[in-house]
Amino acid sequence: MYEARGEKHWFIPDGYIPEISSGALVSHESVCVLNCSSEEASVRLTIYFEDRDPLEDIVVVVPPRRTNHIRTNSLLKNGEPIPVGIPYAIEVTSDIPVVVQYSRLDATQAENALMSVMAYPIK
Amino acid sequence: MYEARGEKHWFIPDGYIPEISSGALVSHESVCVLNCSSEEASVRLTIYFEDRDPLEDIVVVVPPRRTNHIRTNSLLKNGEPIPVGIPYAIEVTSDIPVVVQYSRLDATQAENALMSVMAYPIK
Amino acid sequence: MYEARGEKHWFIPDGYIPEISSGALVSHESVCVLNCSSEEASVRLTIYFEDRDPLEDIVVVVPPRRTNHIRTNSLLKNGEPIPVGIPYAIEVTSDIPVVVQYSRLDATQAENALMSVMAYPIK
Amino acid sequence: MYEARGEKHWFIPDGYIPEISSGALVSHESVCVLNCSSEEASVRLTIYFEDRDPLEDIVVVVPPRRTNHIRTNSLLKNGEPIPVGIPYAIEVTSDIPVVVQYSRLDATQAENALMSVMAYPIK
(Lines give C-alpha, C1' and ligand atoms only; values in the text may rest on other atoms or scores of the structure.)
Protein backbone atom coordinates (compact mmCIF):
# COMPACT_ATOMS: atom_id res chain seq x y z
CA MET A 1 0.00 0.00 0.00
CA TYR A 2 1.36 3.41 -1.00
CA GLU A 3 0.52 6.40 1.21
CA ALA A 4 -1.21 9.54 -0.12
CA ARG A 5 1.12 12.58 -0.16
CA GLY A 6 0.58 16.31 -0.52
CA GLU A 7 -2.51 18.29 0.49
CA LYS A 8 -6.29 18.19 0.00
CA HIS A 9 -6.82 21.86 -0.83
CA TRP A 10 -5.00 24.02 -3.40
CA PHE A 11 -5.45 27.39 -5.12
CA ILE A 12 -4.32 28.84 -8.48
CA PRO A 13 -5.24 32.57 -8.70
CA ASP A 14 -4.06 33.13 -12.30
CA GLY A 15 -6.09 31.11 -14.78
CA TYR A 16 -6.52 32.19 -18.41
CA ILE A 17 -7.34 30.24 -21.58
CA PRO A 18 -5.79 32.10 -24.55
CA GLU A 19 -8.23 32.71 -27.44
CA ILE A 20 -5.78 32.23 -30.27
CA SER A 21 -3.29 29.57 -31.43
CA SER A 22 -0.80 29.78 -34.25
CA GLY A 23 2.30 27.77 -35.21
CA ALA A 24 2.84 24.10 -34.36
CA LEU A 25 1.32 24.10 -30.86
CA VAL A 26 -2.16 24.81 -29.46
CA SER A 27 -2.61 27.29 -26.58
CA HIS A 28 -3.72 25.47 -23.45
CA GLU A 29 -3.57 25.23 -19.68
CA SER A 30 -3.08 22.12 -17.59
CA VAL A 31 -3.90 21.48 -13.94
CA CYS A 32 -1.44 18.66 -13.27
CA VAL A 33 -2.47 16.42 -10.37
CA LEU A 34 -0.29 13.63 -8.97
CA ASN A 35 -1.86 10.89 -6.88
CA CYS A 36 0.99 8.71 -5.62
CA SER A 37 -1.26 6.60 -3.35
CA SER A 38 -2.86 3.18 -3.83
CA GLU A 39 -6.36 4.72 -3.74
CA GLU A 40 -8.32 6.67 -6.35
CA ALA A 41 -8.50 10.44 -5.74
CA SER A 42 -11.72 12.33 -6.36
CA VAL A 43 -10.81 15.91 -7.27
CA ARG A 44 -13.21 18.88 -7.41
CA LEU A 45 -12.48 22.14 -9.22
CA THR A 46 -14.24 25.45 -8.57
CA ILE A 47 -13.71 28.27 -11.08
CA TYR A 48 -13.82 31.91 -9.84
CA PHE A 49 -14.30 34.94 -12.08
CA GLU A 50 -13.94 38.72 -11.83
CA ASP A 51 -17.54 39.59 -12.63
CA ARG A 52 -19.82 36.59 -12.12
CA ASP A 53 -20.56 33.75 -9.71
CA PRO A 54 -18.23 30.75 -9.53
CA LEU A 55 -18.69 27.48 -11.43
CA GLU A 56 -18.61 24.99 -8.58
CA ASP A 57 -17.69 21.35 -8.14
CA ILE A 58 -16.45 20.08 -11.47
CA VAL A 59 -15.37 16.50 -10.63
CA VAL A 60 -12.28 14.75 -12.06
CA VAL A 61 -10.90 11.35 -11.03
CA VAL A 62 -7.19 10.55 -10.67
CA PRO A 63 -6.52 6.78 -10.53
CA PRO A 64 -4.13 5.24 -7.98
CA ARG A 65 -0.39 5.75 -8.71
CA ARG A 66 -1.19 7.97 -11.70
CA THR A 67 -0.92 11.62 -12.76
CA ASN A 68 -3.68 13.46 -14.60
CA HIS A 69 -2.75 16.56 -16.59
CA ILE A 70 -6.24 18.07 -16.77
CA ARG A 71 -6.80 20.41 -19.72
CA THR A 72 -8.97 23.28 -18.46
CA ASN A 73 -10.66 23.62 -21.86
CA SER A 74 -11.98 20.06 -21.45
CA LEU A 75 -13.82 20.88 -18.20
CA LEU A 76 -17.61 21.18 -18.41
CA LYS A 77 -20.15 22.39 -15.84
CA ASN A 78 -23.72 21.54 -16.92
CA GLY A 79 -22.42 21.19 -20.47
CA GLU A 80 -20.71 24.61 -20.42
CA PRO A 81 -16.91 25.08 -20.73
CA ILE A 82 -14.78 27.74 -19.01
CA PRO A 83 -14.99 30.87 -21.20
CA VAL A 84 -11.81 31.72 -23.13
CA GLY A 85 -10.03 35.09 -23.09
CA ILE A 86 -11.12 36.17 -19.58
CA PRO A 87 -9.22 36.08 -16.27
CA TYR A 88 -10.27 33.47 -13.74
CA ALA A 89 -8.94 31.49 -10.74
CA ILE A 90 -9.05 27.82 -9.74
CA GLU A 91 -9.71 26.04 -6.43
CA VAL A 92 -8.82 22.35 -6.25
CA THR A 93 -10.03 20.05 -3.47
CA SER A 94 -9.38 16.33 -3.19
CA ASP A 95 -10.69 13.62 -0.86
CA ILE A 96 -7.11 12.37 -0.31
CA PRO A 97 -3.77 14.27 -0.40
CA VAL A 98 -2.44 15.03 -3.90
CA VAL A 99 0.12 17.45 -5.38
CA VAL A 100 -1.04 20.13 -7.87
CA GLN A 101 0.95 22.16 -10.41
CA TYR A 102 -0.46 24.59 -13.00
CA SER A 103 1.11 25.27 -16.42
CA ARG A 104 0.10 27.42 -19.39
CA LEU A 105 1.30 27.29 -22.98
CA ASP A 106 0.44 30.49 -24.82
CA ALA A 107 0.70 30.07 -28.59
CA THR A 108 -1.04 33.36 -29.46
CA GLN A 109 2.08 34.16 -31.39
CA ALA A 110 3.67 31.57 -33.68
CA GLU A 111 6.42 31.12 -31.11
CA ASN A 112 5.13 29.70 -27.86
CA ALA A 113 5.48 31.00 -24.30
CA LEU A 114 5.36 28.83 -21.17
CA MET A 115 4.65 29.50 -17.50
CA SER A 116 4.24 27.16 -14.55
CA VAL A 117 3.62 27.40 -10.79
CA MET A 118 3.09 24.96 -7.99
CA ALA A 119 -0.50 25.59 -6.76
CA TYR A 120 -0.79 27.20 -3.29
CA PRO A 121 -1.53 24.55 -0.63
CA ILE A 122 -3.82 25.03 2.37
CA LYS A 123 -2.46 22.86 5.20
CA MET B 1 -20.94 31.45 4.45
CA TYR B 2 -17.64 30.67 2.76
CA GLU B 3 -14.46 30.88 4.82
CA ALA B 4 -11.50 33.10 3.84
CA ARG B 5 -8.44 31.03 2.76
CA GLY B 6 -4.78 31.83 2.26
CA GLU B 7 -2.74 34.52 4.04
CA LYS B 8 -2.95 38.25 4.81
CA HIS B 9 0.61 39.18 3.86
CA TRP B 10 2.52 38.38 0.65
CA PHE B 11 5.69 39.53 -1.13
CA ILE B 12 6.81 39.60 -4.79
CA PRO B 13 10.49 40.72 -5.04
CA ASP B 14 10.69 40.79 -8.87
CA GLY B 15 8.39 43.43 -10.37
CA TYR B 16 9.07 45.05 -13.73
CA ILE B 17 6.81 46.75 -16.27
CA PRO B 18 8.38 46.33 -19.74
CA GLU B 19 8.67 49.58 -21.70
CA ILE B 20 7.94 48.17 -25.13
CA SER B 21 5.22 46.08 -26.76
CA SER B 22 5.17 44.66 -30.26
CA GLY B 23 3.12 41.96 -32.00
CA ALA B 24 -0.45 40.99 -31.03
CA LEU B 25 -0.11 41.29 -27.24
CA VAL B 26 0.68 44.16 -24.86
CA SER B 27 3.43 43.75 -22.23
CA HIS B 28 1.91 43.72 -18.75
CA GLU B 29 2.08 42.33 -15.25
CA SER B 30 -0.80 41.05 -13.14
CA VAL B 31 -1.07 40.64 -9.38
CA CYS B 32 -3.77 37.95 -9.29
CA VAL B 33 -5.72 37.90 -6.02
CA LEU B 34 -8.31 35.26 -5.15
CA ASN B 35 -10.86 35.95 -2.42
CA CYS B 36 -12.85 32.73 -1.97
CA SER B 37 -14.75 34.04 1.10
CA SER B 38 -18.23 35.56 1.48
CA GLU B 39 -16.72 38.90 2.56
CA GLU B 40 -15.08 41.67 0.58
CA ALA B 41 -11.26 41.83 0.84
CA SER B 42 -9.49 45.17 1.14
CA VAL B 43 -6.01 44.75 -0.34
CA ARG B 44 -3.10 47.20 0.03
CA LEU B 45 -0.03 47.25 -2.21
CA THR B 46 3.30 48.85 -1.34
CA ILE B 47 5.84 49.29 -4.13
CA TYR B 48 9.59 49.16 -3.26
CA PHE B 49 12.37 50.49 -5.50
CA GLU B 50 16.16 50.24 -5.74
CA ASP B 51 16.88 53.96 -5.42
CA ARG B 52 13.92 55.83 -3.90
CA ASP B 53 11.33 55.59 -1.13
CA PRO B 54 8.40 53.17 -1.45
CA LEU B 55 4.95 54.06 -2.78
CA GLU B 56 2.79 52.96 0.12
CA ASP B 57 -0.77 51.78 0.58
CA ILE B 58 -2.36 51.64 -2.85
CA VAL B 59 -5.81 50.17 -2.07
CA VAL B 60 -7.67 47.64 -4.25
CA VAL B 61 -10.93 45.84 -3.42
CA VAL B 62 -11.65 42.18 -4.23
CA PRO B 63 -15.36 41.34 -3.96
CA PRO B 64 -16.60 38.19 -2.20
CA ARG B 65 -16.12 34.93 -4.16
CA ARG B 66 -14.24 36.74 -6.91
CA THR B 67 -10.72 36.99 -8.33
CA ASN B 68 -9.10 40.28 -9.34
CA HIS B 69 -6.20 40.18 -11.80
CA ILE B 70 -4.78 43.61 -10.96
CA ARG B 71 -2.76 45.19 -13.79
CA THR B 72 0.18 46.96 -12.17
CA ASN B 73 0.15 49.67 -14.84
CA SER B 74 -3.35 50.64 -13.69
CA LEU B 75 -2.25 51.35 -10.11
CA LEU B 76 -2.02 55.02 -9.10
CA LYS B 77 -0.61 56.67 -5.96
CA ASN B 78 -1.62 60.33 -5.74
CA GLY B 79 -2.27 60.22 -9.48
CA GLU B 80 1.15 58.75 -10.31
CA PRO B 81 1.63 55.29 -11.89
CA ILE B 82 4.48 52.83 -11.19
CA PRO B 83 7.37 53.89 -13.48
CA VAL B 84 8.07 51.53 -16.42
CA GLY B 85 11.45 50.00 -17.26
CA ILE B 86 12.86 49.94 -13.71
CA PRO B 87 13.12 47.07 -11.21
CA TYR B 88 10.78 47.14 -8.24
CA ALA B 89 9.15 44.83 -5.66
CA ILE B 90 5.59 44.42 -4.35
CA GLU B 91 4.16 43.90 -0.85
CA VAL B 92 0.52 42.84 -0.62
CA THR B 93 -1.49 42.98 2.61
CA SER B 94 -5.16 42.12 2.99
CA ASP B 95 -7.64 42.48 5.86
CA ILE B 96 -8.77 38.86 5.32
CA PRO B 97 -6.85 35.82 3.99
CA VAL B 98 -6.44 35.72 0.19
CA VAL B 99 -4.14 33.89 -2.26
CA VAL B 100 -1.75 35.91 -4.48
CA GLN B 101 0.03 34.95 -7.71
CA TYR B 102 2.16 37.22 -9.91
CA SER B 103 2.53 36.87 -13.70
CA ARG B 104 4.34 38.88 -16.36
CA LEU B 105 3.87 38.90 -20.13
CA ASP B 106 6.84 40.45 -21.87
CA ALA B 107 6.07 41.40 -25.46
CA THR B 108 9.20 43.50 -26.02
CA GLN B 109 9.86 41.20 -28.92
CA ALA B 110 7.06 40.34 -31.36
CA GLU B 111 6.90 36.88 -29.79
CA ASN B 112 5.80 36.97 -26.18
CA ALA B 113 7.48 35.54 -23.06
CA LEU B 114 5.64 34.54 -19.88
CA MET B 115 6.66 34.07 -16.27
CA SER B 116 4.64 33.39 -13.13
CA VAL B 117 5.24 32.77 -9.42
CA MET B 118 3.10 32.27 -6.37
CA ALA B 119 3.80 35.28 -4.11
CA TYR B 120 5.73 34.52 -0.90
CA PRO B 121 3.39 34.25 2.08
CA ILE B 122 4.13 35.46 5.62
CA LYS B 123 2.27 33.16 8.00
CA MET C 1 31.47 19.86 8.11
CA TYR C 2 28.58 21.44 6.19
CA GLU C 3 25.04 20.53 7.23
CA ALA C 4 22.49 19.06 4.79
CA ARG C 5 19.66 21.54 4.00
CA GLY C 6 16.22 21.19 2.40
CA GLU C 7 13.99 18.12 2.40
CA LYS C 8 14.21 14.40 1.61
CA HIS C 9 11.00 14.11 -0.42
CA TRP C 10 9.81 16.27 -3.34
CA PHE C 11 7.18 16.13 -6.10
CA ILE C 12 6.92 17.62 -9.62
CA PRO C 13 3.46 16.88 -11.12
CA ASP C 14 4.11 18.42 -14.57
CA GLY C 15 6.80 16.55 -16.47
CA TYR C 16 6.97 16.51 -20.27
CA ILE C 17 9.82 15.90 -22.72
CA PRO C 18 9.05 17.80 -25.95
CA GLU C 19 9.38 15.67 -29.10
CA ILE C 20 10.78 18.35 -31.37
CA SER C 21 13.70 20.80 -31.34
CA SER C 22 14.47 23.55 -33.82
CA GLY C 23 16.72 26.62 -33.77
CA ALA C 24 19.93 26.91 -31.72
CA LEU C 25 18.75 25.08 -28.57
CA VAL C 26 17.60 21.53 -27.84
CA SER C 27 14.32 20.92 -25.98
CA HIS C 28 15.00 19.45 -22.56
CA GLU C 29 13.99 19.26 -18.92
CA SER C 30 16.26 19.39 -15.90
CA VAL C 31 15.66 18.19 -12.34
CA CYS C 32 18.13 20.46 -10.54
CA VAL C 33 19.30 19.06 -7.20
CA LEU C 34 21.49 20.98 -4.76
CA ASN C 35 23.41 19.11 -2.07
CA CYS C 36 25.10 21.74 0.12
CA SER C 37 26.31 19.19 2.69
CA SER C 38 29.69 17.48 3.18
CA GLU C 39 28.16 14.06 2.41
CA GLU C 40 27.13 12.45 -0.86
CA ALA C 41 23.36 12.38 -1.53
CA SER C 42 21.73 9.30 -3.03
CA VAL C 43 18.66 10.47 -4.96
CA ARG C 44 15.87 8.23 -6.30
CA LEU C 45 13.38 9.27 -8.97
CA THR C 46 10.02 7.62 -9.62
CA ILE C 47 8.18 8.50 -12.84
CA TYR C 48 4.33 8.44 -12.85
CA PHE C 49 2.19 8.29 -16.00
CA GLU C 50 -1.45 8.81 -16.95
CA ASP C 51 -2.06 5.34 -18.35
CA ARG C 52 0.58 2.87 -17.12
CA ASP C 53 2.47 1.80 -14.02
CA PRO C 54 5.28 3.98 -12.64
CA LEU C 55 8.98 3.54 -13.42
CA GLU C 56 10.40 3.24 -9.92
CA ASP C 57 13.70 3.95 -8.24
CA ILE C 58 16.01 5.43 -10.84
CA VAL C 59 19.12 6.27 -8.78
CA VAL C 60 21.29 9.37 -9.24
CA VAL C 61 24.18 10.52 -7.04
CA VAL C 62 24.88 14.14 -6.08
CA PRO C 63 28.41 14.62 -4.66
CA PRO C 64 29.08 16.69 -1.52
CA ARG C 65 28.88 20.51 -1.99
CA ARG C 66 27.73 20.08 -5.59
CA THR C 67 24.65 20.61 -7.74
CA ASN C 68 23.46 18.12 -10.35
CA HIS C 69 21.18 19.37 -13.13
CA ILE C 70 19.76 15.99 -14.14
CA ARG C 71 18.52 15.81 -17.74
CA THR C 72 15.37 13.68 -17.69
CA ASN C 73 16.13 12.31 -21.17
CA SER C 74 19.34 10.79 -19.77
CA LEU C 75 17.49 8.70 -17.16
CA LEU C 76 17.22 4.99 -17.84
CA LYS C 77 15.23 2.25 -16.07
CA ASN C 78 16.32 -1.24 -17.18
CA GLY C 79 17.81 0.39 -20.27
CA GLU C 80 14.58 2.23 -21.15
CA PRO C 81 14.30 6.05 -21.22
CA ILE C 82 11.24 8.13 -20.23
CA PRO C 83 9.00 8.26 -23.34
CA VAL C 84 8.86 11.66 -25.11
CA GLY C 85 5.69 13.56 -25.96
CA ILE C 86 3.51 12.22 -23.12
CA PRO C 87 2.54 13.80 -19.78
CA TYR C 88 4.19 12.40 -16.67
CA ALA C 89 5.09 13.35 -13.06
CA ILE C 90 8.23 12.98 -10.95
CA GLU C 91 8.82 11.95 -7.33
CA VAL C 92 12.26 12.64 -5.87
CA THR C 93 13.52 11.09 -2.64
CA SER C 94 16.95 11.52 -1.10
CA ASP C 95 18.74 9.89 1.82
CA ILE C 96 19.80 13.34 3.11
CA PRO C 97 18.07 16.76 2.75
CA VAL C 98 18.50 18.45 -0.66
CA VAL C 99 16.73 21.24 -2.58
CA VAL C 100 14.99 20.44 -5.90
CA GLN C 101 13.93 22.73 -8.75
CA TYR C 102 12.46 21.68 -12.11
CA SER C 103 12.94 23.59 -15.39
CA ARG C 104 11.88 22.96 -18.98
CA LEU C 105 13.18 24.47 -22.19
CA ASP C 106 10.74 23.95 -25.05
CA ALA C 107 12.37 24.53 -28.43
CA THR C 108 9.53 23.03 -30.49
CA GLN C 109 9.45 26.35 -32.26
CA ALA C 110 12.67 28.01 -33.40
CA GLU C 111 12.30 30.48 -30.56
CA ASN C 112 12.56 28.84 -27.16
CA ALA C 113 10.16 28.93 -24.21
CA LEU C 114 11.18 28.41 -20.57
CA MET C 115 9.35 27.41 -17.41
CA SER C 116 10.58 26.61 -13.91
CA VAL C 117 9.14 25.67 -10.52
CA MET C 118 10.53 24.76 -7.14
CA ALA C 119 9.47 21.12 -6.55
CA TYR C 120 6.83 20.57 -3.84
CA PRO C 121 8.46 19.47 -0.57
CA ILE C 122 7.01 16.95 1.89
CA LYS C 123 8.16 17.96 5.38
CA MET D 1 10.53 51.27 12.52
CA TYR D 2 9.58 48.66 9.93
CA GLU D 3 10.05 44.99 10.83
CA ALA D 4 12.20 42.61 8.74
CA ARG D 5 10.08 39.98 6.92
CA GLY D 6 10.88 36.71 5.18
CA GLU D 7 13.76 34.35 5.95
CA LYS D 8 17.54 34.47 6.41
CA HIS D 9 18.42 31.44 4.27
CA TRP D 10 17.32 30.64 0.72
CA PHE D 11 18.32 28.27 -2.11
CA ILE D 12 18.03 28.39 -5.92
CA PRO D 13 19.18 25.05 -7.46
CA ASP D 14 18.86 26.08 -11.13
CA GLY D 15 21.28 28.87 -12.05
CA TYR D 16 22.56 29.39 -15.58
CA ILE D 17 23.97 32.42 -17.40
CA PRO D 18 23.23 32.04 -21.13
CA GLU D 19 26.27 32.54 -23.36
CA ILE D 20 24.50 34.27 -26.22
CA SER D 21 22.21 37.28 -26.68
CA SER D 22 20.44 38.38 -29.84
CA GLY D 23 17.53 40.75 -30.56
CA ALA D 24 16.61 43.77 -28.40
CA LEU D 25 17.32 42.24 -24.97
CA VAL D 26 20.42 40.87 -23.25
CA SER D 27 20.33 37.41 -21.62
CA HIS D 28 20.62 37.72 -17.86
CA GLU D 29 19.62 36.35 -14.48
CA SER D 30 18.52 38.34 -11.45
CA VAL D 31 18.50 37.35 -7.78
CA CYS D 32 15.80 39.76 -6.57
CA VAL D 33 16.06 40.54 -2.85
CA LEU D 34 13.48 42.59 -0.95
CA ASN D 35 14.39 44.17 2.38
CA CYS D 36 11.23 45.77 3.75
CA SER D 37 12.81 46.62 7.13
CA SER D 38 14.32 49.86 8.46
CA GLU D 39 17.77 48.24 8.70
CA GLU D 40 20.34 47.45 6.04
CA ALA D 41 20.58 43.76 5.03
CA SER D 42 23.97 42.14 4.44
CA VAL D 43 23.44 39.31 1.96
CA ARG D 44 25.95 36.55 1.13
CA LEU D 45 25.81 34.38 -1.98
CA THR D 46 27.54 31.01 -2.39
CA ILE D 47 27.73 29.53 -5.89
CA TYR D 48 27.74 25.70 -6.27
CA PHE D 49 28.88 23.86 -9.40
CA GLU D 50 28.66 20.34 -10.84
CA ASP D 51 32.39 19.71 -11.10
CA ARG D 52 34.36 22.12 -8.89
CA ASP D 53 34.38 23.66 -5.43
CA PRO D 54 31.90 26.42 -4.54
CA LEU D 55 32.61 30.16 -4.75
CA GLU D 56 31.79 31.23 -1.22
CA ASP D 57 30.61 34.40 0.49
CA ILE D 58 30.08 36.99 -2.22
CA VAL D 59 28.66 39.93 -0.23
CA VAL D 60 25.90 42.28 -1.46
CA VAL D 61 24.14 45.00 0.54
CA VAL D 62 20.41 45.77 0.35
CA PRO D 63 19.55 49.17 1.89
CA PRO D 64 16.58 49.64 4.24
CA ARG D 65 13.14 49.66 2.54
CA ARG D 66 14.67 48.84 -0.82
CA THR D 67 14.84 45.99 -3.32
CA ASN D 68 18.03 44.92 -5.10
CA HIS D 69 17.71 42.98 -8.35
CA ILE D 70 21.22 41.50 -8.34
CA ARG D 71 22.54 40.60 -11.80
CA THR D 72 24.51 37.37 -11.40
CA ASN D 73 26.95 38.39 -14.15
CA SER D 74 27.96 41.38 -12.02
CA LEU D 75 29.06 39.21 -9.08
CA LEU D 76 32.79 38.83 -8.54
CA LYS D 77 34.79 36.57 -6.19
CA ASN D 78 38.45 37.60 -6.00
CA GLY D 79 37.92 39.44 -9.28
CA GLU D 80 36.45 36.40 -11.05
CA PRO D 81 32.85 36.29 -12.38
CA ILE D 82 30.53 33.26 -12.42
CA PRO D 83 31.38 31.31 -15.60
CA VAL D 84 28.74 31.48 -18.38
CA GLY D 85 27.18 28.50 -20.13
CA ILE D 86 27.50 26.01 -17.25
CA PRO D 87 24.91 24.82 -14.71
CA TYR D 88 25.24 26.10 -11.16
CA ALA D 89 23.19 26.70 -7.99
CA ILE D 90 22.87 29.61 -5.56
CA GLU D 91 22.69 29.82 -1.75
CA VAL D 92 21.60 33.14 -0.25
CA THR D 93 22.04 34.00 3.42
CA SER D 94 21.17 37.31 5.07
CA ASP D 95 21.78 38.75 8.53
CA ILE D 96 18.12 39.83 8.73
CA PRO D 97 14.99 38.31 7.12
CA VAL D 98 14.50 39.13 3.42
CA VAL D 99 12.46 37.66 0.54
CA VAL D 100 14.29 36.21 -2.51
CA GLN D 101 13.03 35.53 -6.04
CA TYR D 102 15.09 34.32 -9.02
CA SER D 103 14.36 35.18 -12.67
CA ARG D 104 16.11 34.42 -15.96
CA LEU D 105 15.73 36.09 -19.33
CA ASP D 106 17.14 33.91 -22.09
CA ALA D 107 17.70 35.86 -25.30
CA THR D 108 19.77 33.16 -27.04
CA GLN D 109 17.21 33.38 -29.78
CA ALA D 110 16.05 36.76 -31.09
CA GLU D 111 12.78 36.23 -29.23
CA ASN D 112 13.23 36.12 -25.48
CA ALA D 113 12.14 33.46 -22.98
CA LEU D 114 11.45 34.13 -19.28
CA MET D 115 11.37 31.96 -16.17
CA SER D 116 10.98 32.84 -12.50
CA VAL D 117 10.74 31.04 -9.15
CA MET D 118 10.53 32.07 -5.53
CA ALA D 119 13.76 30.81 -3.92
CA TYR D 120 13.37 27.91 -1.45
CA PRO D 121 13.37 29.17 2.15
CA ILE D 122 14.95 27.38 5.13
CA LYS D 123 12.88 28.27 8.19
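Going in written order, the chains are labelled A, B, C and D, and every chain counts its residues from 1.
Note that in this section contacts are C-beta pairs under 8 Å (C-beta built on N, C-alpha and C of every residue); 3 or more make two chains touch, one makes a residue touch a chain.
Just so it is clear, the model here is predicted, and its values are computed rather than measured.
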| item | value |
| --- | --- |
| Magnitude of the superposing rotation for subunit A and subunit B (Cα, nearest 5°) | 90 |
| Same-site or different-site touching of subunit A by its copy subunit C, using the half cut | different |
| Inter-centroid spacing, subunit D versus subunit B (mean Cα positions, whole Å) | 22 |
| Distance from the mean Cα position of subunit D to that of subunit A, given in whole angstrom | 31 |
| Shared interface positions of subunit C, touching two or more other chains | 110-111, 113-118 |
| Residues on subunit B engaged by subunit A in the complex (per definition of touch) | 5-6, 23-25, 30, 32-34, 36, 65-69, 99-101, 103, 105, 110-118, 121 |
| Subunit C partner contacts - residues on subunit D that touch it in the complex | 9, 11-14, 20, 46, 48-51, 53-54, 87-89, 91, 104, 106, 108-111, 113-120, 122 |
